[in-house]
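Presented sequentially are two complexes of subunit A, the first with subunit B as partner and the second with subunit C.
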Partner chain A sequence: MMHIPFRVVFEQRGETPRRLSLIVPLVSVLAALFFGALFLLATGYSVFDTYTNMFKGGFASFNGITDTLALSTVLICTGVSAAFAFQMNLYNIGGEGQLYLGLIGGAWAGIALGDHLPSLIMVPILLICGALAGAAWIFVPALVRSRLGTSEIVSTLLLTYIGASLIKHVIYTPGSFFRNPNTSFPQGRRVADSASLDSFGSSRLYPTFFVAVVVAGALYWVVKRTEFGYRINVISDSPRAAHYAGINSRRTTMMVMSISGALSGLAGAMLIVGPYGKIEPSIITLGYGYAGIVVAALARNNLAVIIISGILFSGLRVGGNNLQVTTDTPIHIGVMLQGAILLFALGGEAFRRYHIHIVRTQTQPNIKMSA
Partner chain B sequence: MNDNIWILMSADAIAIATTLILAGLGALFTERAGVLNLGIEGILLASAVSSFLAADASGSIWLGLVFGALIGAILASVHAVLSVVFRANQIVAGLALVIFGTGLANFLGKPAEGKTINTVIEPLSFGSLSDIPVIGPIVFGQDIITYSAILLAIVSSRYLFSTRPGLELRATGDDPATVDAQGLSVARIRIRYTMFGGALVGLGGAWLMLAQSAGWHQAATTNGLGWIALALVVFAGWRPMRIIFGAVLFGFTLQLPFTLQAEQITFIPSAFLEMLPYLATLIALIALSRPGSRNLLGAPRSLGSPFVRDER
Partner chain C sequence: MSNTSHEVAQGPHHTSGAAPTALSAHSIDKKFPGVLANDSVDFDVRAGEVHTLLGENGAGKSTLAAVLCGLYQPDAGYLIRNGKRINLSSPRAGLQHGIAMVHQHFRLVDRFTVSENVILGSRDLPYRLIRREIDEKVAAVAESYGLPIDPEAIVGTLSVGQRQRVEIVKALYQGAEILLLDEPTAVLVPSEVEKLFENVHAMTAAGKSIVFISHKLGEVVEISDRITVLRNGRVTGHVSGRGTTDTKELARLMVGRDIELNSQRATHAMGHEVLQIRDLSLDVDDVAVLTDISFNVRAGEMVGIAGVAGNGQRELADTIAGLISPTSGSITISGAMTTDRGPIAAREVGLAYVPEDRLGVGLVPSMSIIDNLLLTRNRQTVVDRFSVRPEATRLIEQFEIKANGPDHLARKLSGGNAQKVLLARELSGGRTATRLLVVCSPTRGLDVGAIETVRRILNDARSAGQAILLISEDLDEVLSLSDRVLVLYRGAVVHEALGEAAELSQVGAAMAGLSSQSH
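This part shows the complex of A and B:
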């Protein structure tokens, strides 16, 4: 058997040094970018062009910044959706599907109510309907998770595929309520004018951005300061302690998962009142719900930090999409980098939690003869 | 009603089941060692497109298959290192792998979009046996990988339940502390089987690409098969033989919409038929769970939790 002359020792840290909490994520991002650069070199694309164009497209221009904030609106919602459940070890990874239902819920209200109410009432109604639809979509997974212990990971994910079929169904079926009746080409029917918001100036940024930030902040407060938040913390730290403390973990599971579903639904409804104004079937290829998981993981499920990680992440994505116009590098490098950043961040997490050092081991170990 | 279409459908269902058997066995070996790898979908996609590129460049379909398996093992090793060595959250690590694999597949697949490959994996020839009505095309009309996958499931079952290394593997997933006390390296066993599992998944992805699809279409190739494979392992109670059964069952539900469409049975909306495999999986998953039934089902007891000797 091969003998390795050293051993890696993981020593649990009593307390994480503050500087590491900042350095580790930063180094993770840099490491992922470095890895991306090597990959681009190996596949024969220009590293410099790719990265400068991504940066310009995502952060360093008026359109870049506003597009980044616009996209972050959705990603903050799906990120908070993921993190809110993840912090209680409930892995709702079907935010994508709940977002689809949010599209349907929002569009339904926007079409069914017609142009009678002022925007100030209409827009919140759409957002609430979207959130309710998202919560409805997670109802079965939440119920069987809390009653039978069925893995919510697989069930929420399977429902995403079912949701995607549902979106296609409501748009491609002739005579569907959600389909534009005036065109033969399958298209979503527009919601009432009063249900559509205007973007700021010439940008594509909508006021829903502030709703997303406020929602993230409010839930941060709920988790840190309220009794409900306290219950979540106790259950995630020690289910047994929660049980003896008389906390109803079933009900809390239902509540947390429902809120998580509602937040992804809200993200879908925001797409309706904001940029799209109708159900656009191509939304199901964009993966905003999945991206929320990455945003949440990068922020280590801290609901306030998600605002920052959401914006950074959108920048990466907007910059990646910009490549389509400016270079011949496939835009999918953006998605790849997202995955790579998360993988490096997970690896880096170990350096935060453990003091890792390498110990030399001799081939002939000196056996210490102590008492 | 045209009988031929139904026979073809059965043959196709078994063919699709091949990917599910391979990916399911891959997930099974990984999970039996106590590692939860949710990245199956990403591995399937990445190995599918790399096998296509390798086969396209070399002209050899077999090289493509080997390359697909290799990429699968490499990607799984990332997961193994993160979850075993770095003790990262395995769920998030798996999801990161899905995102990374999807990006990688689409990035690499961009130049290959719309291309088709000339050589295909031919079905094995059993002479006149393949001409037997009904049974012929279903039982004797498959290619070598399909037969190998079924054989592999049978061998895996023997390996898992009747050999010493199989016992060690099961013990690693159930009770790593005991394995450690026996002087075996839990980390090494876990890394080994996670990579082996990844190679099987990669082979499944490569086969799906080279035998099933004519060309690479962006992200449409796997269509959630990786997730179905994960549910399949639960459905099969972590037993290889039941994987075959479950895979064929899911193969049928996946194939049904096309057949019904061909038969022009349209009273069921096609969107509903599209949902069917996912719906069936979901219902099976719920039906199999009862309060506290995790161990009854046969889930490895330490699945998803890292082994730390000094924190025992």
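This part shows the complex of A and C:
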């Protein structure tokens, strides 16, 4: 048998050293950029130009940074949606579908209420209707999860496909309430003017960005400081301790999942009061809900850190998409770099959780026994 | 701390036996983050002898056993088997050298038969299994060591003692010459312990070596040919010879100081009945778990419930605490009916409950001491941790909890300190002053020093007039602490005795279901 002179040992860390929490993500990003550079060299594109263009397109230009913040508005909401459920070890994979319902709920209020109320009332109503629709979409998964223990991973995910069909249905069915009656081409009917916000100056950034930031911060506080958050922490750490203390896990599960669904719905409604103004059926190709799961994972489900990871991830996406506009680099290069950075960032987790060392396996000489 | 290895009686070199050393370990070091679990430990076992590793929890005996069987690789030191140096990279490698471990928590598949469990993991099985041949072979191995067992029985239907026998048969079937028994008596009733000891003698008579791991002085003295005492990862003494050993000296070697475990029962006045249980029955999935249980506990009284694990103790405690609704019967605490009202209602009339599992049930591992104090109390909508802090600090001092202050995480506490936090919270009341304390296996897994403290805390609580229901598998503990002892067998109270009058043999027989007294 071949003798391998060493082996790699993964030893779980009892406690992650603080400095690693900073160093690991940094090194991960550098490693991803290095990996991307190899790829760019192999395909014949300039490493330096591609990276500077990406950075400029995502962060270091007026359009870049405002587009990034605009996208992060949605991704912070869907990110908080995924992470909030995860506070109780619940996996809401269906943020995508709840976001579609948020779009429908928001558009419904915006069309049905007409142009009678001031924006200051109208916009919150749309956002609330979107959130309620998102919460309604997760109601059945939450119910069967809390009562019967049915996996919420499967049920929320499958409902996403139904949600996508619903979007197509309300837009492509002739005579649909949500469809623009004045064109033969299928498109969404616009909501009332009072339900539409104005963007900042010439940008595509809407004030809803601040709502998203406040929501993330508020939920962070709820989990850390309130009785409700305390219950969530007890249940997620040890369900049996919760039972022992008389904490009602079922009700808490229902509430946490409903809030999670509402947050994704809120993201959808924000698109209605912001950039869309109507249901855009192309939403089902954008994957904002799924991206929220990635944003949450990057923030290690820390609700406050999601504000940062949401912006960074959005910048990566905006900058990557910008590549093909400003240069002749195909969009796939940008997508590949996004993927590489995510992969390395998440892979870096292993270094935080495990102490990895290489052990020499020497062949030991036999020792004679002394009597 | 003294690190001088010191010898009592005849020292490590036996005079009687010329039996060769089967396995020896030399200057074994094993580090874990923050702990030196084994610090240049030497150990050896001869063919045909029982060599005991004695020590408190955390003394390093399980670590050493894990090194001996190949589960852990030592950081320094080496093993010699039959005169040759060996490297054990895995338990399988250990088995190839004839070394097998019988774990405290059995590793058996409940749905498999005895034979299927025994052959599980064997590498040289034929492609086509002929059940009858294997059954015969398993039965033959079992019988040759006086371990009668039905090879066709489904393991899930066997008693704990029988399951242990399956583990031992499995080791022997796989060709073990050296058996490491990790706390084998922890789960057994007295009669099963006797049976196990007979089996051990049968195995040593056949030339097998037994490494017996325990912290119970009495049985160690009874079974061992030699004893090695460990404390804080170091060998603190070797003691030779069976029956000739001074248990006081052993206890001192183990703990490092003189100890007094037999806490005296204080004479005291008992008050009114705090807990009244009437005709309590509980069925789980149509199986009777508790049947017609009735008893009272008075203020200032400690009632002990003895019994082998799994005879309804946990369910009884959970039912009293309001965590399970009984099928019939009633529970009254301080004059208030709490049946079916849930845990919070029970706590509101003075219940305190220390469950068997400290971390994960009684305490939330990832939370601080402060947050754990809040677990069973009224909490405001916005949790006010600031106002609990002084109380937490006071309790840490009062209960001598070793922690870096109130923010210390529960999972970083030692078992003894976790238990003290739990007792501190439960005894200090929350929703109302504590009147009834239900406490399950309060000292299980604790070191001797902590056992002393916990028992003192319980005695003090009783003297303060609290009613205490002590549920424990440790029979000595129940007998030495309780004013009254009830024995639970298959969910029914089969024996009752006053603490002083309780006889070990009778209580032991009742625990094993051999009681003449029936209800």
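As a working rule, the second predicted complex is superposed on the first by the 332 of 371 C-alpha atoms of A that agree within 3 Å, B and C clash if a C-alpha of one lies under 4 Å from a C-alpha of the other, contacts with A are read in each partner's own complex, and residues count from 1 in each chain.
Note that a residue touches a chain if its C-beta (ideal position, glycine included) is under 8 Å from a C-beta of that chain, and two chains touch if they have at least 3 such contacts.
What you see is a predicted model, and the numbers here were worked out from it, not measured in a lab.
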Task: Touching partner for A:A241 - first (subunit B), second (subunit C), both, neither - done: second
Open item on the list: In this superposition, which partner touches a larger number of subunit A residues, subunit B or subunit C?
Closed with: B
- [ ] Applying the touch criterion given at the start, work out whether A:N233 contacts subunit B, subunit C, both or neither, answering first, second, both or neither.
- [x] second
Task: Touched partner set for A:L346, first subunit B, second subunit C, both or neither - done: first
Open item on the list: Looking at A:I162, would you say it contacts subunit B, subunit C, both, or neither? Reply first, second, both or neither.
Closed with: first
Open item on the list: One more residue to check, A:R225. First (subunit B), second (subunit C), both or neither?
Closed with: second
Task: Complex contacts: residues of subunit B adjacent to subunit A - done: 38, 42, 78, 81-82, 85-89, 91-93, 95-104, 106-108, 110, 219, 224, 227, 230-231, 234, 269, 271-272, 274-275, 278-279, 281-282, 285-286, 289-294, 308, 311
Open item on the list: Using the touch definition from the top, list the residues of subunit A that touch subunit C in their complex.
Closed with: 13-14, 225-230, 233-234, 237-238, 240-241, 243-246, 364, 366-367, 369
Open item on the list: For the complex, give me every residue of subunit C touching subunit A.
Closed with: 33-34, 78, 80, 83-85, 87, 321-323, 342-344, 347, 353, 355, 357, 359-367, 371, 374-376, 379-383
Task: For the subunit A and subunit B complex, residues of the former touching the latter - done: 8, 10, 12, 43, 86, 91, 93, 140, 144, 147-151, 153-155, 157-159, 161-162, 165-166, 168-169, 172-173, 285, 290, 293-294, 297, 330, 332-340, 342-343, 346-347, 349-350, 353-354
